[in-house]
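Down below are the structures I want you to see.
Both complexes shown next keep subunit A, but they swap its partner, so subunit B is in the first and subunit C is in the second.
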Partner chain A sequence: MPDVHTLVNEFLNQLKKRKIEGSQATAKQAAELLRSVISQQRLPQTHQATALISAVRAVGEKLIAANPVELAVGNIVRRVLHIIREEDLSLATAAIDGLELSAVSDDEDDVERDDYPVLSAAAVAAAARSTLRPPSLQTLLEDTPISAAIPHTSSSGGDSEGKSRSVDKSSRGRKLKHDVIEAVNELIQDISTCYEQIAEQAVEHIHQNEVILTLGSSKTVLEFLCAAKEKKRSFKVFVAEGAPRYQGHLLAKELAARGLQTTVITDSAVFAMISRVNMVIVGAHAVMANGGVIAPVGLNMVALAAQRHAVPFVVLAGSHKLCPLYPHNPEVLLNELRSPSELLDFGEFSDCMDSASGGSLHVVNPTFDYVPPKLVSLFITDTGGHNPSYMYRLIADYYSADDLVVKRRPATTS
Partner chain B sequence: MDARRPPRAVIDPKVRTVGFFTPPDPIQFDSNSLSPVMIPPPCHSSENLDLHSPPSVTPPSGDESVSVTGSYNGSSSELFPAPMSPALSQKIVAGDGGVGGGIVASSFPRGGGVPVCKLTTVSVVNTDSFAFDERDKPNKGGGSSMEVKDQAMNSKQKNEKSSKAERRALQEAQRAAKAAAKAEGNKATGTVTSGNLKSAKATKPPQKVDNTSVAASEKKGVDRPSEKDRKKDVPHPRMQYDDKSRVEKAKRRAVVNHTESRNRVELFRHLPQYEHGSQLPDLEAKFFQLEPVHPSVYKVGLQYLSGDISGGNARCIAMLQAFQDAIKDYTVPPEKTLVRDLTAKISSYVSFLIECRPLSISMGNAIRFLKSQIAKLPLTLSESESKTSLQSDIERFIYEKIILADKVIVEHAVTKIRDGDVLLTYGSSSAVEMILLRAHELGKQFQVVVVDSRPSLKGKLLLRRLVEKGLTCTYTHINAVSFIMHEVTRVFLGASSVLSNGTVYSGVGTASVAMVAHAFHVPVIVCCEAFKFHERVQLDSICSNELGDPDVISKVSGRGDVNHLDAWANAENLQLLNLIYDATPSDYVSIIVTDYGMIPPTSVPVVVREYSREQVWI
Partner chain C sequence: MGAPKKSAARVSEDHDELVRVPLQAILLADSFTTKFRPITLERPKVLLPLANVPMINYTLTWLESAGVEEVFVFCCAHAKQVINYLEKSEFNQPNFTVTTIESQNCVSAGDALRVIYERNVIQGDFVLISGDTVSNMSLTQALLEHKERKKKDSNAVMTMVIKRSKTHPAIHQSRLGTDEIFMAIDPNSKQLLYYEDKADFSKGTLHLENSLLADNPSLSLHHDKQDCYIDICSPEVLSLFTDNFDYQHLRRHFVKGLLLDDIMGYKIFVHEIRADYAARIDNFRSYDTVSKDIIHRWTYPLVPDVMNFGNTATKLERQGIYRGSDISQAQSAVVGPFSVIGSGTKIGKNTKILNSVVGIGCKIGSNVHIEGCYIWDNVTIEDGCELRHAIVCEGVIMKSGSALEPGVVLSFKVVVGQEFVVPPYSQVSLLQQPVEEDSDEELEYADSTSAITSTVDKSDGETASELLDGHFTPASELGFGGAGYVWPKCEGGHEEEWRHSVAPITEDKILEAVKAMEDELELIHDGSILPPSGELIPNPNDSDDDDNDDLRDDFDKEVEATFLRAVLENIQENHLTLEVNSLKLSYNKVAADCAGALFYAMMKYAVDLPHSSADGLVQNVHVVLTKWKKVLASYLNDTDEQIEVILKFEEICLESAKEFAPLFTKILHYMYNEDIIEEDAILSWEDEKKDADEADKVFVNQAQPLIQWLKEAPEEDDEDEE
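Let's look at the complex of A and B:
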């Protein structure tokens, strides 16, 4: 336990000090942290899922509070909670199956029974996510009773199925934890490979001799463009430098090194150049449920320019960036002001203030921009391309409805 | 004039060459080959001859030759900068032809002086035609004068193609002229322009008699509007740098050794881009070899090159003051006339300045003004008198068109600032700065948001000056403009030029700021002096722009950690693009504040038109 505590505190500190750059790294680390939380968590005999959920939630709450702007952390916490719920559900169904099974063939050794449900749980979980879940009225109808039933079964299930539970309590406890950790591992795997899945779709979107504009730097965009280049597409890329951080320079260097025709432009020249651009491809910081994008600063300007010239504005986002929340005043509330020294040296600043006679000087250096859904033409995630209007539905596949607000309920109650 | 056309249309150029080979005119040949660019035909049609033939027939004093050449310059250089392209010289022909087919000759170098006697008959015939009906009479005269033209062209031209093109242009011009003349003839009373033309006609007979170039210039001034209209059909003779042969020629002429920069952006091959830093030492080294360039012009050129002087008004004033110095120290070389020689001189200065940094549109307008002033100098003035008159003209231009205009703009724009406003400005515009300071002086309570962008970061300087004066300022960069725009109530922008389709041509980034303001429903107020208006039109920022030094993009000042592009020139796939200007579409602009008042962008062509007319009358 102390081990986990130190890990959590370390991560919290990093988040608070904004030491971790990029939502992908944050997401991965958060998932890894939660995995160790789960593995260290001692489970009671009953209500295991609830115990796990509350443990994860307690840690997750702290993580989110440490950096509320880094939505990826919240996303991962919710994803893990969702995983726990799903695994518990599949275990419960498997247990019912197993009950029937054990009723038929009474004598089976523990080991075999241990193995068999694990497989089935994973299969059920996977199936639930991929095949059973596609939006249909049936699943929608099924969803509500099940999610309502989960706490029911886990809490009051003890009475009705008490005897069967008491039989394989210990094995089920281990199973749940094991399954959840397996699933979290899968999630981590997903996060680290989401580039490849997005990049695979590059050829479908980039044609020969295309002119592409991007701003700042995003690993997803880099991989996407390079994937198209590897497929022998030849196209040109304009890279806007992305002012206070100038990561566009880095991206341009990488692209040029990989043999792409690259032109670096200043951010101010975006409007001038966009009339000769066929497509804008950018990365995102987070994608909100309404299809709006929290993106590196400057992208709202690019999106407006693209709209003016009817240039498609394509956002690449891994699934860990999909946030189930709807934004309210995101320009301010989901934003963060960085150090003014990136714009104005402290020396220059104090010079200005020295000579000031009664005036005052503020330096504004926001990190993010909010691009409203109407300016986005297409989202490309690891599951394919989607309209902004579809994002809420896509998000429903990854998160359970209970967790959206539940995130804050303990905070308000406690 | 009608009669002129059929033969032109039918007869092949070669046939004509043969047919009119008979009067070989060595003098004309010489005079024509003098400038390869100006190839107006050597015909002396009616009017010009009427103006100048009496003196040239009578024993010519030294004065006469002056008057003749003077009028030549008067007609041509008043309208166009000296290094005239063929297209431009055609236009002159066209424009004057509109009234009487005659001034053709006056636009011809030295044409007035020498061959007058030979062509007198022709001119007489033309005179009639000019005065009354241009359709019937000039069969003979017009035709022959045309033929002479052609012959001269052919004898002189080595380049068959260009002469052909020119003739076609000439033909078209004449057609247009004829149409205009017809229209004019038809309506006795009419629009203002036709009225003007009429009065021009009326004043002509006296001109014939008194032969002063004042009258001539007046006549030209009257002609101007109709000329202008026609001029618009002709493509602007801007140099296109993807035209290899012309670039080669320009290189040979160039004073400065330009090194073409590597890794150029494909889209911008038509614009010049040179290796920065190679020019300055080169120029410095050449100081003593460059005698023709006046030291103060030279100094201004170097300041442009090094970026010490930037900003439309500052550049324009510096240039005009340098010209003032140059004019003060100017003496007419022996056997030359002030008007011609000085125009040539100014042109050479201008081309020197262009080599340092491409001219801004406002500077082009100022140069045009100066040249028209030189051309309009009365011939009766002595050298020193004309010099002082030019200097005072320049002085007045600076005062009226820049300083006073700014004052008027400030007074207008200040009325748009109310207490509690948050004003956003982009980059550093002198007009906007004056407005903000004036509003502050008036005690208005407002905040200023200064938006800046790389690589120039001029906003920092503006910020500093504003904070010094006690204004409440917020500073941010262009990417954050949509973050800050929520709080802004007005956007004030400066402009390098306003084009006649309402496009605001200004420092790069202005368009983005205006676009975001438009998206947030914040009014955009553009402040621009009327002398920066231009009749050109432009839709995008690519066809015409200026490329800055790409190296400044790779280096971020004050940020040592950003050094990914240090060796960019060695990466063959990597280009850096440093645009200087962009074009803001007119629908983003709510209002343009200019010295004529506050106008919507749709009224820009009206101001351009009125302004150019006024400029003629100054």
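Let's look at the complex of A and C:
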């Protein structure tokens, strides 16, 4: 399939050369790419899910390696893998239900899930239900049907459809692919609308005459603030400019254009201003499983200042930013050092950079900060507000434990 | 399912091509110099690793990300290696094609471009770059500017990319080890008006033509700009190279040629980049500097941890340490800041690695000290070695206890014997230094400011004799168990080697340079020599007055020699004109200089001809002038040039041939009669001298009758002539 291959290569190239910026754009592109990978993957008669999973993994592995710092790519790969597993399971359970009704046993279904030893069909289904769809706190609280509680799985209508067709194997193969693509489409949809869902909650958090502080620029924050403004809330926004890329300037411009009362401050003035601030609202690059945040550089300082003055520190993050990994040495390993030219003018300093002429000027320009979970007061995702300590649970809903390490395994074939 | 999509993609591509010409680039995979010898004897320069990635990767990756769609890689030396490498690597993408063009008998960039022109592959504007350039600049802006200028003025054929970079004040070289470049740029239009990369720093002066200042209302002179050697060219550039078959070097011939030649009116513009990075690796020093810039991430995203070519991922750790995978490092070993360690390398106990690049699969023993070195792949360094500021190529083995002094270059597979200390700045190779430049290899040409032909001959002779002196002492040259030849130092390189080597410039060299500069300044202040009139000398650097006597003399001598030869061999007038013209080009002179020099030569010749009395001398002058006046006249198109001749004549009378002094007016009158000098010129000469010192006015006074006569009877004069 040269077409997919070229698409993959193109995306890899873009990732490698750091041509895509912003986790939303990256996530969306990754999801679209994986969708075409899935749609062009030829499926064998048996082990369809395994084939799909290994195909997605093969691509995913490359994508993650291309830019390990852009965690959204890994998240999406894992989400898609999870979707495949879910869809396969729901088809399998549907099939088993159907088979149980007609009292015909079929071995195929047992082998379908290679993770489990050969058991009776019913046992497989039961085991699968309990392991793959653990009763999350949310589902328990909301008491919604399982398929609805987990986003992006097929609807119950699909289940019943599957039931009726379950005997026909080839049509089931198409069904799996179809369902997975449907679900991935939903995921893409979700990524592109995550702003709106987050912004809907704005009125609950921003109150009249409050002062909000933010740093750098984030589309999510912009939409969030504007949503509150549209609901006739009047409040002030302090924007820390976010050196060295000064994206805060862009945000301030945009906010002012939309009629918000905006004040730009330098990053170093944050501590001086924080006592007047009611709430800090910032975007994130990624949210780790422990509730720690990988965020634009400078945010750790803001978080510490907020903690010192007991100002709530609120992080907005779309679900594609939720990463199932735990950070290890995040300041270094999950960071990207960008060109010093963002800080200094090469021409002006060129004479003090060579050891030859005595100078030894070094510049460190990290892109991200790691904000530990204890400094975060609240996460607002598209599903609502959450405590940092709850993030791991939320994340567990989106990912399968099997996919945490996306490494190609030799495909188990019969 | 794949089929319809594919065809859809095709269609859109075709559509694109109809709308616009794809952006093309010519990548010269050969620098046509010998600066990287001895390494380049075995491997082309573009494949040499830079922070463990071949240089050409940086260039191609940049071209691709800058939106270039089609690259023609021109290979000359070691073409096979380059082609094989490109075939193996995965640069060809659907919207990025790399095509190789091979030609074995090119000796210069000019030849290469002529070959490419013949192939007829360039359709529109193209990027001209050499395969050793590292950049992360965005081409969009520069291209846009270029296209817009082109639309307005079809003569704007080239946009050069420049970047600010301070040069060393004492030794007049940039960070990249290249000579300081002087450029005059029109600050508004960004047109390049003057380019000089071989200025004579010992004099601290620069010669600009009068016309440059006269024609341009504003002009800014820069000496802190670095030429990035990235050019955006219109297709005309290729045909220009074909038309002017003597253009070899892109800068020295092509750029200067266009700037000097105002007949065609081609213009060159500059585009200055600020935040972006661009630099060309021209010599070992720039290899060192650019490597450091890469490690310090100025070239982001072209940095080791992002450009993970192949399958080895490199990770960046604190303090700028880049580590590949599978490195085994003893606990007591120290890897200092700003180092790159390739994957699979083993580092022994108590070893220190500072500010260095270590390649893939190296074996480094215990108690080794490595500082500021570039160690390529699969190098073995045994216990107790000490390496400082050296380049160590692939497969080198350093036996225990050996050491490299700063500036050493060890070529492929050299073995350094036990306890052997390689002296500073030596170049060691398994191959012997080639006696003759063979066309297969990168050729050095016209690299000196002095006469082209004579120097090359000389250098060949000297190299040969030195080789004989050094004699082919085999293996033992590198101590016990060693293998390799220490190359004898080339001529000229001996004192200057520190300028281009990887080793940092030592304090005493800088002090020396500073001292030399001060001495010169003193000298200049003592003998306050007036600058030759007719030439203006702006000093962007320092404000001392000085003249350029040496250069001038060189040129004058050449012209004189040419003239004498013409007289002796009875060469035709137009041939002589041609020769003088070529001298004019190679010395970057104007017509006035030629006229002056020719006139000087003629007068000298006239004096040297046997003559008994003053009258005899006048007779001689008459003979000579009559014979050669056509040649002279071709340089005397306007009054300024004629004045130059008169001034020169004055100078001759005052200095070299005092015999002429009493005859000044006579000869001047004769020249006037012969139409060599026009009335206007004499009058403006007089005008110019009005405010001069009495001493300077000797000849004006002498010529007063003639001037008077000219002033009084202009009409008659005209009739006379008619």
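Heads up, the rule we're going with is that the second predicted complex is superposed on the first by the 329 of 414 C-alpha atoms of A that agree within 3 Å, B and C clash if a C-alpha of one lies under 4 Å from a C-alpha of the other, contacts with A are read in each partner's own complex, and residues count from 1 in each chain.
Just so we're on the same page, contacts are C-beta pairs under 8 Å (C-beta built on N, C-alpha and C of every residue); 3 or more make two chains touch, one makes a residue touch a chain.
The model shown is predicted, which means the values in this text are computed figures rather than measured ones.
Contact with neither subunit B nor subunit C is seen for A:183 once the two complexes are overlaid on the shared chain.
Of the two partner chains, subunit C is the only one touched by A:350; subunit B is not. By the document's definition of touching, of the two partners only subunit B reaches A:276; subunit C does not.
Shared-chain residue A:16: touches subunit C; no touch with subunit B. Taking subunit A as the reference chain, the count of touched residues is higher for B when subunit B and subunit C are set side by side. When the two structures are aligned on the shared chain, A:333 is found in touch with subunit C, with no touch to subunit B. In the superposition on chain A, A:265 makes contact with subunit B only, not with subunit C.
By the touch criterion defined above, A:250 lies against subunit B but remains apart from subunit C after alignment on the C-alpha atoms of chain A. In the superposition on chain A, A:362 makes contact with both subunit B and subunit C. Of the two partner chains placed by superposition, A:94 touches none, neither subunit B nor subunit C.
Residues common to the contacts of subunit A with subunit B and with subunit C across the two structures: 342, 345, 348, 351, 353, 355-357, 362-363, 365. Within the complex, the subunit C residues that touch subunit A are 1-2, 5-6, 9, 61, 64-65, 93-94, 136, 163-166, 168, 175, 224, 274-277, 285, 289, 292-293, 296-301, 303, 306-308, 313, 315-318, 320, 338, 355, 372, 504-505, 510.
The touching residues of subunit B, counted against subunit A in their complex, run 265-267, 452-455, 460, 463-464, 466-484, 486, 508-509, 511-512, 515-516, 519, 540-542, 545, 553-554, 556, 558-559, 562, 564-565, 568, 571, 573-579, 582-583. Note for the complex: subunit A touches subunit B at residues 236, 241-244, 246, 249-250, 252-253, 255-257, 259-273, 275-276, 297-298, 300-301, 304-305, 308, 331, 335, 342-345, 348, 351-353, 355-366, 369. Chain contact summary for the complex, subunit A toward subunit C: residues 1-4, 6, 9-10, 13, 16-19, 39-40, 65, 67-68, 332-333, 337-342, 345-348, 350-351, 353-357, 362-363, 365.
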